[in-house]
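Two complexes follow with subunit A in common, the first pairing it with subunit B and the second with subunit C.
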Partner chain A sequence: MSTQTVLSVGLLTLIGFVAGTVIFLASKFLPKEDKSLEEAARIREFLPGADCGACGYPGCFAYAQAVAKDRQVFVNHPCPTLAQDKEGMHRLEDYLGLKAKNKVGKKAVVHCTGKSEALADYKGINTCQGAAQVASGYKECPYGCLGLGDCVTVCPTGAISINNERKVAIVDWETCIGCGLCVSACPQNLIELMPANMPQYLGCNYRAARDIVGRKRCPDGCIHCKICVKVSQEGEVTWDETKDLPSFDKEYCLTATAAIEKCPRHIIKKTAAYREMSTISD
Partner chain B sequence: MSNLIAIFFGMALVNNMVLVKFLGLCPFFGVSKKLKSALSMGIAVLLVMVVASVVTWPIFHFLLVPYNVEFMRTVIFILVIASLVQIIEMTIKRTNLTLYNALGIYLPLITTNCAVLGITFINIDQAYTFPESIIAALGAGAGFTLVLIIMSGIRERLDMADPPLAFKGTPIAFITAMLLGLCFLAFGGIIG
Partner chain C sequence: MNMHVLEVLGLRHRTGVHPPARKSARSKAIEHMPLASKVILPLQQHIGACAKAAVKRGDEVKVGQVIAESDGFVSAPIHATISGTVKQITTITSPVTGQPVPAIIIESDGKDEWIELAPADPENLSNEQILTRIQNAGIVGMGGATFPTHVKLKPPPQKHIHTLIVNGAECEPYITADDRLMLEEADRIIAGLKIVMQVLSVTRAHIAIEDNKPQAIERMRKALAQLSPPERITVVAVAARYPMGAEKTLVKSILHAEVPEGGLPMDVGALVQNVATLAAIYDAVTLGKPLVERVVTVAGMVSEPKNLIARFGTAASSLIELCGEPDTSIDQMIFGGPMMGIAQPSYDSPIIKGTNCVLLNRSDFRDEHSCIRCGRCIDSCPMGLMPLMFVNCVKKGEYETLPNYHIANCVECGACAYNCPANIPLVSYIKTGKTELQKRGVK
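So, the complex of A and B:
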């Protein structure tokens, strides 16, 4: 063996050894990691890990870091996705030893029944975004659901499906986590987040109240008769002047049984949270 | 002194790491989508370049040259730079969490970035003295940061532009990089 070989092998070993020792010493003598980081890593284990951003933090780990720093973040703003899963919520509550406020999650609703007739056969780019740019969609109603599934694509849990007959998106409340990604994906602004105990929603987004022609555009379209407001005694339905459409009380989520029955267009649709109120009225 | 200034601007502009020497192209495209992350990445690279130059220059001149084993420089430099970045990352993580959140995640990415390794080789190939090599590393890092910032600024605007569908995203970024490279070639005429 030439001296050069020995030297180069020796030198590499020596430098490797020195570098290893320095790293070892550094990890031993440097101050320990900020405890909140380790804590955040533990809290993250309880979170859904979908990184959906519904909590307002960029991803689950950022939320975990915020909770690790200040537990009140969890109390006041519990992870909305976890709030859908009672067991998971209990596990995190037990771990933190805290109770979260306002555990009602959110669910998406599509304000359209899809009954509006198609005006033409759309053969363009197969997204709602594309279809919406061609003469505000191919349906009679310019506000309706186009049913090409932009919301289906972004949904992280596959909770949205398309009814191909009526070309309308339908949200399954069992699997919806209320992240709101579909809300921004919809070019027609048809999707809205509702409290998970909201018993009904309006299946229409036809806002042009004074446009009488609009009534003919869809057999289901809101005719803005306001009968839903008139029959509701407890203020469960109010009139939203800006949208010119009925809106439902989001704070108490009252059941508007009378309005559901009286609506001439039958577009106040029951959600999965709807419960029969007959026992109370008897 | 004027020699040092010439080296600094020469490394930053005329012999720009990314656009003239084509080193460190992966972070150039990977981390140039947002101005903020581009700035963090640039500063992290600048820091590692300077520290790497400070450490590798003596190793080469006082260990490798006397024992006549210069051919070992690649493997030894990689080893040294990799462990150095580890230590820097560990130190930042444990002493300043805010700084770690801003820079730390980029440090493992540039452990053996070719631009970092490249500057240590350039220092030796150009036979720079110790102060010269530090200035060269500073210049190279500054040039890298500059290009990353310019690129991210352009790409943020490109997101809002409306190129043909096939060019959206990375393809149009490649074309932009080409034009940017042509611009930087013009610096060749300013400082010999």
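So, the complex of A and C:
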């Protein structure tokens, strides 16, 4: 054996010994893992795991960490996705020993029925965003749904589908978790989050303020006759002057049955919540 | 050293592309088309603020009468292009942006009565007076960008302009409007050029013409030779390579100067004006005639391509009718050339100030494939950008990354998309990216 071999083997052994000692000391004396991380991991188990970001935190684990640090986060801003699932909510409430406020989730609605006829064949990038660059899309109505599915792509639960005949996005309220990713994906700004117990919404985004006559462009377009406001009781329907469209009360979610019936265009659409409510009252 | 020599030696990178010229209307003299019975005049035919209607329904108007006043500094008035009655003030789909714009519809009385024109000698006018005349005539850049000319001719005092470049490159395939104008109206163009030189007090001007228009080059040289006293104006034959007619490309190939990112040619002391704009400036300043008509090439799949003088607001369909039998397989009408033009939703779209060509063709849309990173878009980009990165970023939604690749420098010429073997519509992605950046307020 040459001295070189002895030297290298010896050196390596020495390094290994020193490094081992350092690791041993570190594990002995350095503070243990953050306790709240374990707690967060446990809370995370109760969460839906969609990482949708609807709560405002970047993913479920981040939300769980925030709750682990401060329980009031859960009380004031319960996970909107979990709010859809009553049993799951109960389990988390039981675990934390707290009751959450504002448990009503949110659901997305598309303010368009897609009845506007196509003006031209659109050939190009197969996204709504691309189509919106060309003549505000390819339909007669420049504000309508383009039906190329930018919202479908971003939806984490597959709740949105496209009706190919009318080229319009349709949200399934059963599976929608109200995360709002589709709201920001829509280049036409047609999607809005509504409280889950909202009984109706307007199926049109046709703003008269933007200076186009609605009735010419779409058989379902709002004609801004304001009859919905006139026939309904106070507070049910209000007129949004900036959009020049009716808006429904989002705080109390009153049912505007008279307005739904009287709308000459039948574009005040009933939601799943309307049906639920009417079965209760029956 | 001559640029061609440098290119052959491989010392200078050749950018741009070389689409087939297809200038089928080249030998057709400019014709006046019969007056339309109805014109639709969008109130925004220029970049900047939309003009404000100054007439009411039922008003009688004469040709050249202001029907919409400019609203703001970067704006231009709109004039009646036929005499008759204002039939309706409505909203139409803009032939340029596709967004709804207000428009005035005038029905002709068939008389073609003009307002009284006030001719003047430009040499007796002050710069202010000339600019006012240009502004009142509603003149905008007629190469297609439609930037109000009076604004362009009033550069901020800290920018010194030493050279005027006249853009007669006309690099897009099919279009021959400027080519014919140079052949037939060379004197008007040079008279307009002299007015602009007087306003900017520049002594040096280059007339840039692509070397595939030898007749136009010859004609302009002849017209210059007749000038007395001779001016420091030269005709430069630039290489026929798309997009030679883009302002920044022209400045680069003539003055060998790069316009800084987000800047204008005036940052390197140059100002570019299209030949048709110069002719219009002459009309406005010397004859007092507002801008109501322009030369439009009708080309593509028609049996008789033509160069027509059309009043603004004339429906494209009535121009097409004059050009023989259209091919039955036409399914697309484009305003402008095939590279940068805008497909129209209807054959009745009105001709506006920036419409230099009505092109009829069959759309050969091919399915888009994945990028293979071959770099042909980089080779062809006249601005030296990496277009594939824009597509990457837009596809992933990483809009904030776009400025790192200098998206503001893109002139949207479409050379990259033309050269792409995977048929990626790069310009659409770039436009999407730019719009998204604007929405987010990133510069």
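Before moving on, here are some points about what is shown:
The rule is simple: the second predicted complex is superposed on the first by the 245 of 282 C-alpha atoms of A that agree within 3 Å, B and C clash if a C-alpha of one lies under 4 Å from a C-alpha of the other, contacts with A are read in each partner's own complex, and residues count from 1 in each chain.
Throughout what follows, contacts are C-beta pairs under 8 Å (C-beta built on N, C-alpha and C of every residue); 3 or more make two chains touch, one makes a residue touch a chain.
Keep in mind the model is a prediction, meaning the values are calculated, not measured.
Shared-chain residue A:16: touches subunit B; no touch with subunit C.
In the superposition on chain A, contact of A:8 is made with subunit B only, not with subunit C. Applying the stated contact rule after C-alpha superposition, one finds that A:97 touches neither subunit B nor subunit C. Look at A:37: by the touch rule set out above, it reaches subunit B but stays clear of subunit C. Of the two partner chains, subunit B is the only one touched by A:27; subunit C is not.
The interface of subunit A with subunit B does not overlap its interface with subunit C at any residue. Contact residues on subunit B toward subunit A in their complex (touch as defined above): 59, 63-64, 67-69, 71-72, 75-76, 79-80, 83-84, 86-87, 90-91, 93-95, 97.
If you check the complex, the residues on subunit A that touch subunit B are 4, 7-8, 11-12, 15-16, 19-20, 22-23, 26-27, 30-34, 37. Looking at the complex, you find that subunit C touches subunit A at residues 91, 93, 97-100, 102, 331, 343, 345-346, 363, 365, 368, 425, 428-429, 431-432, 435-436.
Interface of subunit A with subunit C (complex): residues 119-121, 123-126, 129-130, 133-136, 138, 142, 210-213.
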